[in-house]
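You will see subunit A twice below: alongside subunit B first, and alongside subunit C after that.
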Partner chain A sequence: MMVMNKYLSNIATLALPILALTGGQLAYGQNLITRDEDWTAINLTVTDELVIPVYQNMQLVSLDLLTATENFCADISVDSLNSLRAAFHQSMAAWQSAQHIQFGPITYFNWNFRLQYWPDDRGTSARQLNALIASQDETVLASDVFPRQSVGVQGLPALERILFDENTLSDFQNSSYLCLLSETIARNINEISTGVSQRWVEEYRAIILDPVESGFYEGAEDLSIDFLKALQEAIAKIRDLKLLPALGESFAGARNRAAESWRSEHSLANIKSNLNSLELLFSAYTAAFYEEDVVSVASAFENLTATLVVLPDSMLLALADEEQYAQVQALHAQAEILHEALETALKNTDLYLGFNSLDGD
Partner chain B sequence: MSSLISSYGLPRRSFLGLAVLLAANPAFTLGDARQPIFLSAASDRDDKHWLKAFTRNNDQLELLYSHQLNERAHAVTLNNKADIFVTVARRPGTSLLVGEVQSGGILQEVQAPGGRHFYGHGVFSADDNYFYTTENDYEDMQGDSGRIGVWRISNTAAEAGGEIVLERVNEFASYGVGPHELLLMPDEETLVIANGGIRTHPDLERDKLNIESMQPSLTYIDRQSGTLLEQKRLPAEFHQASIRHIDINAQGQIALSMQFEGEPFVRAPLVASHQRGEAIQSMLAPEQVQSQMAQYVGSIRYDQSGRFLVASCPRANMLTFWDVETGEFIRQLRARDACGVCAYEDGFLYSAGTGQIRYYDLIQRSVTDFTMSDDFSRGLFWDNHLVVA
Partner chain C sequence: MFKKICALACMIGLVGCSSSRQSNEAISHDAIVETYIAIAQASYEDSLISTRVLEDAVNALLAEPNQTTLTYAKNAWLAARVPYQQTEAFRFGNAVVDEWEARVNSWPLDEGLIDYTAAFYGDESDNNYFYTANIIANELIDIGGISVDAAQITPQLLAETLHEIDGVESNVATGYHAIEFLLWGQDLNGTNPGAGNRPATDYSLGECTNRNCDRRRDYVSAVTSLLVSDLEEMVYNWQVGGAAYDDLMRKGPAGGLATILTGMGSLAYGELAGERIRLGLLLNDPEEEHDCFSDNTHNSHYYDALGIKNVYLGSYERINGDVISGASLAGLMNQEAPALAAEMLARLESTELAMDVLISEAARGNTFDVLIASNNMEGEEIISTVVDSLMEETRTIENIIRELNLQNVSLTGSDSLGRL
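This part shows the complex of A and B:
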């Protein structure tokens, strides 16, 4: 009940003053938050507490990743590989905490796809990466050339593919090019993380403060909808892309390799990072929703978290056990319930995530 | 081919005052030629679908009439001379609704022939005698299944008090798959068709069945014989750029907009222009803008001068403006879920899935908001296209 209490306290502190302003006469289908300054206050809190720190953390841990890559290449051993893999997990976890934010600086220069292009249904990453390694071409690794290469070779999935192979150690011992490439990818991840982080601090925070003057938004509510859309789309992504394909048709037909980060066996760890961020984001916007809807969404989050906490980080391990397979199935069903609860909460207000943008022709 | 399917004519004035909801402002005079009439399809929170018509009265937009539709429509086609509108169902819908622009009276409801569905667009011939629709021969799952339906219009506006009847008289090949928007060239004899290239089947919801092999084209045909006159494609590397929407200026230059089905990070052209006999000229926005357009343009229109374009990007929540004379991107404007656009005064009126309708002045670079009564705009999602009579 800790989670529930957290949400209800948010309602008490944020929603009640706004309801008081309107005399508590709001009916379903109306927005509970009507003043731009109220939206801006929440948007700013989200930016300062849930966005900028997350990107700054990415910047920090991706620097650790680069250092760990350099250390590994200086001394190729089981221990240094384990350290490098641990650093990779940290960078991936940091990205998973920010993955839902698909607007703002992360969309500049294809930074989002260059950090992680997934799902990669057409095998772009494997094809491009194999071609690059076969070419041993060092000219494409130059700092002004590499960012223009295929997104499939630039980001976390490419590095994962190199670092989490059963032959990684011997491959690196036999190929100095793999070191050059890994260091280039790690540096690229750090540069992108730094770019996104700096843009939020130096440019986008000012937009959050005054969204209309900046010309970037129609109003503070418009900006809030970007955050709420990020929340709803991320839940759909967990349900439709991170869980459903891996479940397959049955226990016997489960497909671990359809999961995100299956090579590093962190598919479910990713979802834990996602949910932590998403729950915090929702809790920041509870004042925008009716109390019973907040309770429904909070309860759905709580159920998901409770199921997830008993599962391993690895989807491979979870799918290998029939009982745990059933838990992953339950997780999928709970993600659907969460999505529906949030959809209902949104429908009961006047906040629209999209019509033409979601189902145009 | 079956000829006329489930269509029936209605007296021109039969629905006046019955299905028509008059404006909230009773002082407004229906049929006043000085007032622009805007039409768009829309849906509401209860998943009901509508045709809505409204006008501008200073800083207010006022509802003129509203008709509930039996399925979601996509675009409304106008014939100002004959005072007729036709609302076309969106894929895989099968209905047309014919009515009078000024009065809002319904004249006819028409169904597509068996084995065909519409793609949301149609166009009139200049002599008012024919109406053309883009259609799918969906049993043909291998070949060029795009069709252009030919409908004869009987008893046009010149015969006031008569009946309007759309009668299916013929169909042509569109010379492609998934034809979407089509227009009449200034020579009044040539139809230009955006063959989107994507194969679909009504039994498979809205699944896209040939993304890897799709071959969209811009195709010109003779409107009387259906003969292929010219066909142009984008460079092969952009064969997944579905050419969906087009507009035309007085010089016969075509503006094209695309929806790219390939990788989301590819810098694919989403806006282009074409002049008969020449190659398609692609236009790209600066990288930071282009990468945010989400590979999707929902609607494209020239301004009244025929030099400037607006291309709406609802997935990116923005409108983009272009100068076709220089081939350059001019600027962008934030507009949440905006898709419908039409040339109006010194810029464009635009409608959004949020229910908002605004005016952007290209010269002043200013946005004008309008007041709208709650019963008009509240809980309403404006659909893909907006037209002005």
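This part shows the complex of A and C:
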């Protein structure tokens, strides 16, 4: 129960003083945190410890990715391809640690979609990449033109498609355009990562400090709600988009290709990165929730993590084995339990999460 | 613009008009729901009537396949979209409609399931093993362990076996867009002007083009008659004792208002602004336009927006010119929160103006697929204005939901949109 103790220790340090201030009269339906400065303190901790470092890491590893792409193109070999693929995994893992933050700078200039357009139900990225490669059009790769192209050709999934094909080595040996395109995508990923990171440091941190002054928020609680929405929506995304479509209707009907990052065989590795970030985010806000709700959510996180840790990184491998398929099913069920536990925790407070549901059509 | 606002204000009693409702007369929630149901009944009936005309036109095409009969069928399809798109405001919030809608207006579709496609379409999809199944060309299909005997192309085969086969939503075998594809064919112009240009001889038994004309004839005939029967079902659903009617009655007056606003907000926000408009702009992809074969997207979006306005104002102009009108949410808001009522009118007006620009651009040859081309800055601005207008409209709808203190309302979002 180590995880649970960690959460309860947060309650001890943050929630109890607030309860004392309000005379212990709180009932379900009320917020446990009532003062703007208390919300701001948590939001600032989250920003400084869980947001900015994650984006700064993205900036660093995406630079490594660009360097690895250039090295591969300078010396196309099995070894340099393996190094490049390893660098890609690093960048994807860094993005997965930040993927849940769908507000703030990541939404500027469509940066979120330009980093990752997924799911791509209609294979748009494949069609557009094939057309681009067939055209050999170098003008599209110019630094002032490429960012205006379809999000389907700009980000990590596009690069994954190029780098994780069984014919990648020979394709690159036969087409110099693939190098130009890959370097352009890698540079684009690094520029976006740098932009997001800088905007958080130079602009959005000031908004966190004084949300009302920015004009974007009516109070610090609204910003906390953005973080909590990010948490809730990310769990729904794991459940509905990252696990359910891949499970199919049965073991025989499982669909590895419906999973995120199936080509690089890191579908479940992505979820591990997601959960690590999400659990830390929740732990930062435990003071906002009633103790028994914190225990429920913490327990749900713990169960998910325990199931996930014994599964491989690859969804393909996991779905190939009937016992492991059952584990992925369990993972999906546990994601549902986590989502419900968090929803209950939110409903027991007065944190207004808006009317929007994640599900599109 | 002033005249339009004045006319709207008149309709809901914002200003003194001899024919308007007395401003001090309380508008009951029941009466608003009654109007809503009356509009649903009329607009689904109009959809059915115009689709029966389409069915006649398709029969005329099959009797004598030539450019004239093909154009007649295309025009009938375009006309049928006018009332149908206005019904989309009834989709979200009414589970009976939402479930049924997947058979009737499912989109986007992997058209290679149905018929021949051009090289740009490609030959594989990560998620869809039936991406190029081409039912018209193949009497027997065995893909991924699923066998289909398609020797006879019947409404039953389309509805019960092919539609969403293998659990893939883009395997659309039925509905308006399947018919659209069969009449226009693929749009081969990319993001340049021009729609699909299927030859009428694709339906000729004597001078057949692109092979399998007999089976293509069977397909278009089956899918059109299926659409007629699906619309008959929905017309019945809105009559007293029908499933949609009964569901709404069970919700009670407040639940009825919540349903109306759920339908308005979900269509405006997640569906229209997000999935049908912004996603196309993000991908610069002509396949990502709602009526991608006919390039009728501007009209479909316009009439969607009009449908939202209809249910809010409690007024609908039928295809024969008759007007259905009655107690409305607009009137209620005018009584309970006049400032918010005025704000909502302004939002509806802004959206209509933005949609008008889509229509006028299309008339100049700049259809939706042209506007979403990469590096078309002017097009991006036009499309972004539509998205922004719909987002603003939805924010006001949320404010109305709050003002009326309606519970358990969830508006459908979109992965391609930011938060409200």
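Here is the rule we use: the second predicted complex is superposed on the first by the 355 of 361 C-alpha atoms of A that agree within 3 Å, B and C clash if a C-alpha of one lies under 4 Å from a C-alpha of the other, contacts with A are read in each partner's own complex, and residues count from 1 in each chain.
The rule is short, and it goes like this: a residue touches a chain if its C-beta (ideal position, glycine included) is under 8 Å from a C-beta of that chain, and two chains touch if they have at least 3 such contacts.
These numbers were taken from a predicted model, which means no experiment stands behind them.
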* Asked: Clash or fit: subunit B and subunit C on subunit A?
  -> clash
* Could you say whether A:R85 touches subunit B, subunit C, both of them, or neither, answering first, second, both or neither? => neither
* To do: For A:A258, decide between first (touching subunit B), second (touching subunit C), both and neither.
  => second
* To do: Identify the partner contact of A:V151: answer first if only subunit B is touched, second if only subunit C is, both if each is, neither if none is.
  => both
* Between subunit B and subunit C, point out the one touching more subunit A residues. => C
* Pick one for A:F109: touches subunit B only (first), subunit C only (second), both, or neither. => first
* Report for A:D121: first if it touches subunit B alone, second if subunit C alone, otherwise both or neither. => second
* For A:K347, decide between first (touching subunit B), second (touching subunit C), both and neither. => first
* Asked: Touching A:R205, do we find subunit B (first), subunit C (second), both, or neither?
  -> neither
* subunit B and subunit C contact sites that coincide on subunit A, given as residue numbers -> 107, 110, 113, 117, 122, 124, 151, 226, 354-357, 360-361
* To do: Please name which positions on subunit B make contact with subunit A in the complex.
  => 43, 45, 74, 90-91, 120, 180, 244, 263-265, 287-288, 291-292, 296, 298, 314-315, 317, 333-339, 352-355, 378-379, 381-384
* To do: Would you mind writing out the residues of subunit A in touch with subunit B in their complex?
  => 29, 107-110, 113-114, 117, 122, 124, 151, 215-218, 222, 225-226, 347, 350, 352, 354-357, 360-361
* Structure fact -> Within their complex, subunit A touches subunit C through residues 102-103, 107, 110, 113, 117, 120-124, 126-128, 130-131, 145, 148-152, 226, 229, 245, 248-249, 252-253, 255, 257-258, 262, 354-361
* To do: Over in the complex, which subunit C residues touch subunit A? Could you list them?
  => 108, 110, 120-122, 124-128, 131, 145, 167, 169-170, 265, 269-271, 274-275, 282-285, 287-288, 374-375, 398, 401, 409-416, 418-420
